[in-house]
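Every chain is named by a letter (A, B and C) in the order it is written, and numbering of its residues begins at 1.
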Amino acid sequence: MSEPFLIGDSMSGGYGKGPNILHNCTVAVDKGQIAVIVGPNGAGKSTAMKAIFGMLNVREGAVRIDGEDITNLTPQDRVAKGMAFVPQTNNIFTSMSVEENLEMGAFLRRDDISGTMAQVYELFPILKDKRRQAAGELSGGQRQQVAVGRALMTRPKVLMLDEPTAGVSPIVMDELFDRIIEVARTGISILMVEQNARQALAIADKGYVLVQGTNRFTDTGAALLADPEVRKSFLGG
Amino acid sequence: MDILNAIVVLANYIFVPAMTYGSQLALGALGITLIYGILRFSNFAHGDTMAFGAMAVILATWWMQSLGVSIHPLPTALLALPFGIAVTALLLLATDRVVYRFYRRVKAVPIIVVMASIGVMFVLNGVVRFIIGPNDQNFADGARFIFTAGDFKRATGLDEGLALRSSQVITVLAAVALVAALFWFLNRTRTGKSMRAFSDNEDLALLSGINPERVVTVTWLIVAILVTVAGTLYGLDKSFKPFTYFQLLLPMFAAAIVGGLGNPLGAIAGGFVIAFSEVSVTYAFKKVLGYLMPENLAPDTLVQLLSTEYKFAVSFALLVLVLLFRPTGIFRGQSL
Amino acid sequence: MNYRNISLFGIVFLLLVGVGFVQSWSVAFALVNLCLLSSVMALGVNIQWGYAGLFSVGTMGFVALGGLATVITSMPPVAEAWRAGGLSVMVALLVAVATIIAAVQMFKRMAPGRNRTLAMAGILVVGFILYRYLFDPAVEAIESVNSASTGYLGGLGLPILLSWVVGGLLAAGVAWVIGKIALGLRSDYLAIATLGIAEIIIAVIKNEDWLTRGVKNVNGIPRPTAYEVDLQVDPTFISWVDWLGMDLIEASSLYVKLSYAILFVIVLAIIMWMSEKALNSPWGRMMRAIRDNEEAAEAMGKDVTRRHLQVFVIGSAVCGIAGAMLTSLDGLLTPGTYQPLRFTFLIWVMVIVGGSGNNWGSVLGGFLIWFLWIEVEPIGLWLMDVITSGMAEDSGLRAHLLESAAHMRLITMGLILLLVLRFSPRGLIPEK
């Protein structure tokens, strides 16, 4: 089996000089696929994501993208390598217009960004209508669209989402998931952390159940949903 | 006729001086607010940086005057501005390198940086006095008046005169031009937008690949322009004395906070709010009321709310009011 | 106290003794007195900054309030001025206070909206007009009473030592108002608000002639010690001096300075003892806990803003006491000499260099920095003289440099602060 496109391989580490939060944890995603990390509160889901993005001290193991070891790169350098990250909170520039948010997403690009912007507007039509409005004035779901749109502006190969549906209504959540599937269809790999495990696993090609910083179950989304043990312990029956 | 006279008096003693002073404060407060928005500390060295910038311009002006260079009727100081700005920019970048960058790296709490800025303030304070001395310096040349009170009276036939000094017109025009350029820069250029983004959400700006050191450098460069121009205009309009620049610190802070710290539009509004309040609260309204009220009701006192010695009390009172009732300022602060 | 700290104090002691031998003992004692005062002020600032992390740049304002306290406590009342307008001024001030209280109450009681704004504006305007109506003529009357020597209300004629307490209380009162407004907001707001209040206090003291005679100064403030002229005719003192074989005039001056020094040492010791007690009490530990992690302390149910207010008031009171001591040492109130930021800054340097959070450090810093402040100027002059000695006697640059040497002290102190803050933020005697 060839190695996945992006992999955090057997990672152990913690914040700064603090104790290890992750213990031999592996998370990976293949090209154009959706991988979802689920688990109880405090399982280290977001931490695993941040470890892959270089916001954490990975003491053992490695992070590789397309076979290249990027364990020691800064988050900014990983952006240049084709990774994009949408944090859970404070993920937009509230005082700037929607369009300016997208422009800032493409800050590192020196070429013409109008094509990418058009693609984002096509994906999230509502943003086109509101492109002159300050992003801080939008609703929760629209803000998440801005956040995802900003991340897409770098034309990433991997999009990493930290709980993209936190705090939005179920209808908006479904719509967001639809959009995420659309993004994946364009060939972008998606790695996300989700609280709403059931819905997330339903769209996932691959699922990781983490408990206390360690892999507990790893399988396809559908298999995990079908696994009685996973259902009992993590999906509420 | 009396009403016209009253309006002329108001224009002469309140509107024109307050517009001028307000423009100077606005430029100063813009600098404070930019530093706050990007570097996230209240820069106590701002007043003395202003004195330094003005001093650099004055030295260049004297040099040009000695060479006989002149752009009459405009003051030679305008020609010397670029030189002053360049020197001030070097100074600011050097202080950033030597002092502030370290605290940025260790992510020091803002109050420590404020304290460091007070240290910088004293060094600058000493440097300026060391170079140019603590006394008044005159460097204004060129035409003094656009029209004098006498010209105005002759032209209009009114009893009251309105004088317009060229320094006042230059101040307002320069401030407008500079503010327009700054807003164009912040809202239309890539670098300007990246500054706003950095001020709005530092972490996300980093995730977007915005280089913080570059943003900081550009900020200091803009501050150098603002502060040198403001200091020179103030010196042309009133006079240059190092201590008065230190005393501008309170009204400038008040302007930035009243408008909303970190908000450029707020800094401008705050500058004019402070200037108009200060001038009108310390102005004796006797003459104006004398024109407006019937003869028997005309006041025999000065009708002055506060004597001019207490002019900083005005800034302070406005500051306190804002802190009490709307700590984020008129325009919501915190973002750029 | 370990050997290092004792030797640091030893060095300062030697420096001062050195001044005694090189310059004169009179100079040395004058220096010691101001060092003691600086230490008291530094302790006050240390209580605010070192214990609680509050940054106030208004120290000189509180010191000036202490100076004002000596005048209103200890100067003899000017009966004629009181007759001319004393009562009206007092009533006017009461009106002003009542207006503010009424406006605040109105603000608290009424629902927000236009009515409240109008009512408040109404109260303020009527109150202000009434205040000025009473105040202006009274002030004019008071200031015209024998303006060359009095022209002000005078004080209460009480003992000068009492004014030290009054100075503390006055400063505490003003600090309470400022703290109420600026604490609980961003940390730099306190710095900016205190910058403003210091300027206003000093402006009041400079301009309200009916209260302080303004720039005409108040002379002859009673002393807590003997007067030189009395000593010089006192037979017992003369016999002592003869026995010691000293010059009578110098001995009397030394005696006075020594008496001040003893009084100051007593005050310093009391404040020091109380500060140490407080710092090591549960209260002090809580203060430091709040300083080190405000959020955690708040989460544990500590009322951070109230504690901050408390510590700000106490620290300002100590500065007020020091201000009263300073003015009674000078024997006159010279409002023109309070430079709002320059001396405040000097005290800050003392605290930082000495070691923030450590009371002994503040005392050491007070001595050391005041010594430097006084001695840097002659040293700077000497240095400039050496540097420029190669230049021609009549060189303009040389004259300029020599003339400007005085400003070296500002630069030096600024650099000391920056260097200590950067490379040794814990100071000479670090917090335990």
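By definition in this document, a residue touches a chain if its C-beta (ideal position, glycine included) is under 8 Å from a C-beta of that chain, and two chains touch if they have at least 3 such contacts.
Since this is a predicted model, take the numbers as computed values, not measurements.
> Please find which chain has its CA centre nearest to the centre of all protein CA atoms in view.
B
> Give the label of the chain whose average Cα location is farthest from that of chain A.
Looking at centroid distances, C is the chain farthest away.
> From the mean C-alpha coordinate of chain A to that of chain C, what's the distance rounded to whole Å?
Roughly 58 Å, centre to centre.
> Could you tell me the distance, in whole angstrom, between the mean C-alpha positions of chain A and chain B?
46
> Could you give the separation in Å between the centres of chain B and chain C, each centre being the mean of its C-alpha atoms?
31
> Which of the residues in chain B come into contact with chain C in the complex?
Interface residues on the chain B side: 41-42, 44, 99, 102, 109-112, 114-116, 118-127, 129-131, 133-134, 246-247, 249-250, 253-254, 257, 301, 305, 307, 309-310, 312-313, 315-316, 319-320, 323-324, 327.
> Which residues of chain C touch chain B in the complex?
Answer in residue numbers: 53, 55, 57, 128, 136, 181-182, 185-189, 191-193, 195-197, 199-200, 203, 206-207, 341, 345, 348, 352, 403-404, 407-415, 417-418, 421-422, 425.
> Under the definition above, what is the set of chain A residues touching chain B in their complex?
75-76, 79-80, 85, 87, 90-96, 100, 103-105, 107-108, 150, 154
> Considering the complex alone, what residue numbers of chain B touch chain A?
Residues 190, 193-194, 196-197, 200-201, 203-210, 335-336.
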